């Protein structure tokens, strides 16, 4: 079944005529994603890799019945793109754009929430349900269809862990990169809740990093609401406080958000936390072997 | 059972120390309304007619478990008062205040809607469930407990019609004055839906007037969703276009909102429309006699 | 420098005032300014210096063009032409100021308007690639050239909504950016000044491709004037002499054509009273709502006001006392009868709060003055009596 | 005139700049201004003219008071006292500017701060009737003197919320109105300038009952600088020399204490690489993220940057190619080896997109230069090798 996106998801790409939008549209199409339309104001009537382009999301939805969108527009236009998608009735919005002002991110969050739209990101690699659909910029080839759900704040680290899992002969139900910014549309709990309900998913890998208390909240949720096993990984044990590690969200401030605190919380919730990506994959294999 | 307010409704009065607030608190208390607290910033610790005053709605709710509020604050502070009530978990907000800027009324409407709070008014006489509770400024003595629900855009006209009904030996389940402004919290349909579900109500009187298309919308609703009989009255047959008749909402603009259009729509929906208040009461008696 | 009508109504700015606001937001307006005398007109025309100028009567009523309120002139004859305009009656409004403007070289006319959407509780924006006539007329004649969108005030206006509007209205590509900017500015004006309506009609494209607000409306919510101080300063009383007098006393009065004066409490009740008179075959002379909790002085002032209308042959006072006390209404009427010279009959219906006290006061008075007052039991009876006394 | 750190971080204003913004919103600040030399300090002190002045080192680090960064002076000795401050090292920051201010007659200190609430997706306001220490310290010592409220950005800040805050914090009645106004202004500043944090600490009440922002912070969201032009103009590079060099090239670099240089793609991957080195008993010399889709030139520039750190004994390049192409990374490294003089060993792990091409490029190069490069299969193996080569 997978979560968020599957073989029936009809996708539009907002900002399809840009460099990034066009490049990744081609990759997603090759993977088999059902991209039914693109949107770039003023470019209606053209095509990108055979995908028809519309001026507005509303037109695209009316013509194609799309229910998901991947956003590649520049940061200054990203909030508007999310609002447009929500207003047009899109149910899943994956916002790839990096560098969006945080006050815009607040508005995006609440707009999506108000209409019960699933917003993934921004500043995220997207979502892939291997063998079914890919909405994002991940290296799709490393994933294999299977029963491991992955949810992660980090892009490359996700690929590394998925790669290790695939190399052990296992596969993924869905892989969700929730993004590294401070204000994001969906957090660990939102995604864990979906995996818990998903028939295809038997075990979940949670990839966290320093900053915020989202992993701590997730641990609380796992201990009370999750029946499926969860395996963890937390990056940033060696990160010094007060220095931001790339992601806007990855910073230890006022003693909050340390890797130690997160690992401790997860372990207390019964989550086995791997020390290396390889170890995470091995724990997953062992746990699946038991069940 | 009645709608919106009954003998269990625990009421606070916002602006209780003002002239209007204090005056009507006394009247409501005399009627038997359970007024458990008043709110006026800076006046905590005092009492008005034996009702304890708090600085904030949150405090009042925490201390008394109030679930309804009647607002008497001046227009400049009314939107803030509605927001405060909604934020504090109040379920029914009756806003009596007249003269609120319409841009504030828009915000009040959406704030209440977002939290599923019933907002009655503003610029309305309030709600009375005869024999149970009175939240507003109506002349409570003219009402009698019974099975006629009344919903009205006009204050005095409501009293007149209720008076005629009472004089015929009948009574009211609940009487709701929704207010005469252009942007109001609850419209005819919202209240009709409640009467349709209310065990005590057997027939509904709808009192409309010129302006807007709320009566036309109500007619549509009645024809498709209402099983209980509805009797109508529309004021303003002789009102000229382009001239506002007192209420901010009572104006015929661009050919819209005429009494003829409203009467026609209601009659098409099976609503018998009385020509005078007395006739309305007589139709109600006749219809109740039949059933 | 401005106008207003009744309590609860919106404050309408004159065209030249609306345009000043537009201009302060960077919307282009034609070169020119308002003038109050022919000499003044002459001076402005010379300042403008272009071959032709337009003299536009500043009256708060639509259709002034067809009524002869807009005249072409040049620097030479503008003063004399304006003399014919000053003092002229345009649909009941006297011309006291004239906006003198350069004449635009018009290539195309479009429309932009923003107002409240009471059904959707939002702010509705209308755009059309056709302009220069009423929006109702545009909607009827060119339904496919109109874009309409209701903005949720919680989220405010976003760029995608403006784009949708422009595509819907068929705005030509070369003007897309300019119209886009004007809509955003006009929306900001609507919010900033708490407008009920603002409109640019026509939005003119000149033959050199520039966009001008050639006419403009901006109506401000009366209830917001306490915090819209700039706008409140522009406020001035308008309406008929009687309506102005009513407003200055805080009485809600609208003059009508009939001969039966009406005094009632509550807007709905006042309208219902008018309607009853009409049902009995009479014609109401006015709408008058004394509101809730009226004092005896207000009642007296209302009576004074109504009988100043020479058409009035009888007055029907219809009170249902809720917050309003019948005894105070009765006192006010007795005061009016005693202190004002009035010889027209009054029909009175008193019900509700302190009804008995009120009736007693009236009956006491009637013992000494039997012919002036008719006390009735119901409003239906009262309307019948009033029509009987007033004739048709 | 301003500072900043890494990409994605917030831009921190100096105290004197934050206070200028506060003042423009009508929040009172002490009389004074910033000075860049002892002569300048002398001049400001004379302008102020009060008996005593305060010399405040402008450094972007907390706790400067305890570190000797704040000195009392008067018009006579301010220049000489400032000489001791200029150039002084305060927790790693050199004093280059001093804010010279009148000394306030302090009766009471309070606290107001606003920042983002990432859990509730809102804007959190903190108020305390106790101030002058860190908010964490206030929260620990005086938990009942703090008011805290998260504002939903959809609805913005309403008066009732400010009242609730003030009651919660126990703000004295006589200062209620002033603190109320300051919170509203500070919130408007937070929104207007797209701040991530703003703070007045202490908010001073003088003995004559006036409120002053005696110290101030204002951090602006870096991502918003493209539209916060006034703030963007204040921007200046800070951090260590290497960090500045990295930023100017768009490389995400943070200097650390160890001796094993790290290059990786992705922030999470970079941190994970650092962590692996630590697990193997080594210490990373830096965080460096080349991001997604790096060019060979960026890879070369990253290598150049890292080896400028004299502590670095070995570099571990850890790439998992998704968008990033392994062949381009390999090319960049070969370029770096060929064009830069570098004699420290490099451990390289390449996986993912174009892995084969990348390995081939590297293997070709290694045939001629066997001792410089160690190609490994996994990141775990790479970390082990790097620690082995770098020692501890």
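Chains: A, B, C and D, in written order; residue numbering restarts at 1 for each.
Going forward, a residue touches a chain if its C-beta (ideal position, glycine included) is under 8 Å from a C-beta of that chain, and two chains touch if they have at least 3 such contacts.
Fair warning: this is a prediction, and the values are worked out from it, not measured in the lab.
Listing every chain that touches subunit A and subunit B alike gives C, D. Interface comparison, A-C versus B-C: the higher count of C-beta contacts falls to B-C. The most distant chain from subunit A, with centres taken as the mean of CA atoms, is C.
Here the spacing of subunit C and subunit D, counted between their Cα centres, is 58 Å. Remark: subunit B and subunit C have CA centroids separated by 28 Å (rounded to whole angstrom). Those residues of subunit B in touch with two or more other chains are numbered 107, 114.
Residue positions of subunit D touching 2 or more other chains: 154-155.
Against subunit B, the residues of subunit C that register as touching in their complex are 5-9, 116, 118-119, 121-123, 136, 152-154, 191, 194, 196, 221, 223-224, 226-227, 252, 254, 256, 264-272, 274-279, 283-284, 287, 289, 292, 320-323, 351-353, 378-380. Across the complex, subunit D meets subunit B through its residues 155, 158-161, 163-164, 167, 173, 176. Taken in their complex, subunit B has these residues touching subunit C: 75-76, 99-103, 106-107, 109-110, 114, 125, 137-139, 142, 152-160, 163, 180, 182-183, 207, 209-210, 212-214, 217, 233, 235-240, 243-250, 254-255, 259, 275-278. Considering their complex, residues 41-42, 55-59, 77, 79-81, 83-84, 87, 107, 111 of subunit A touch subunit C.
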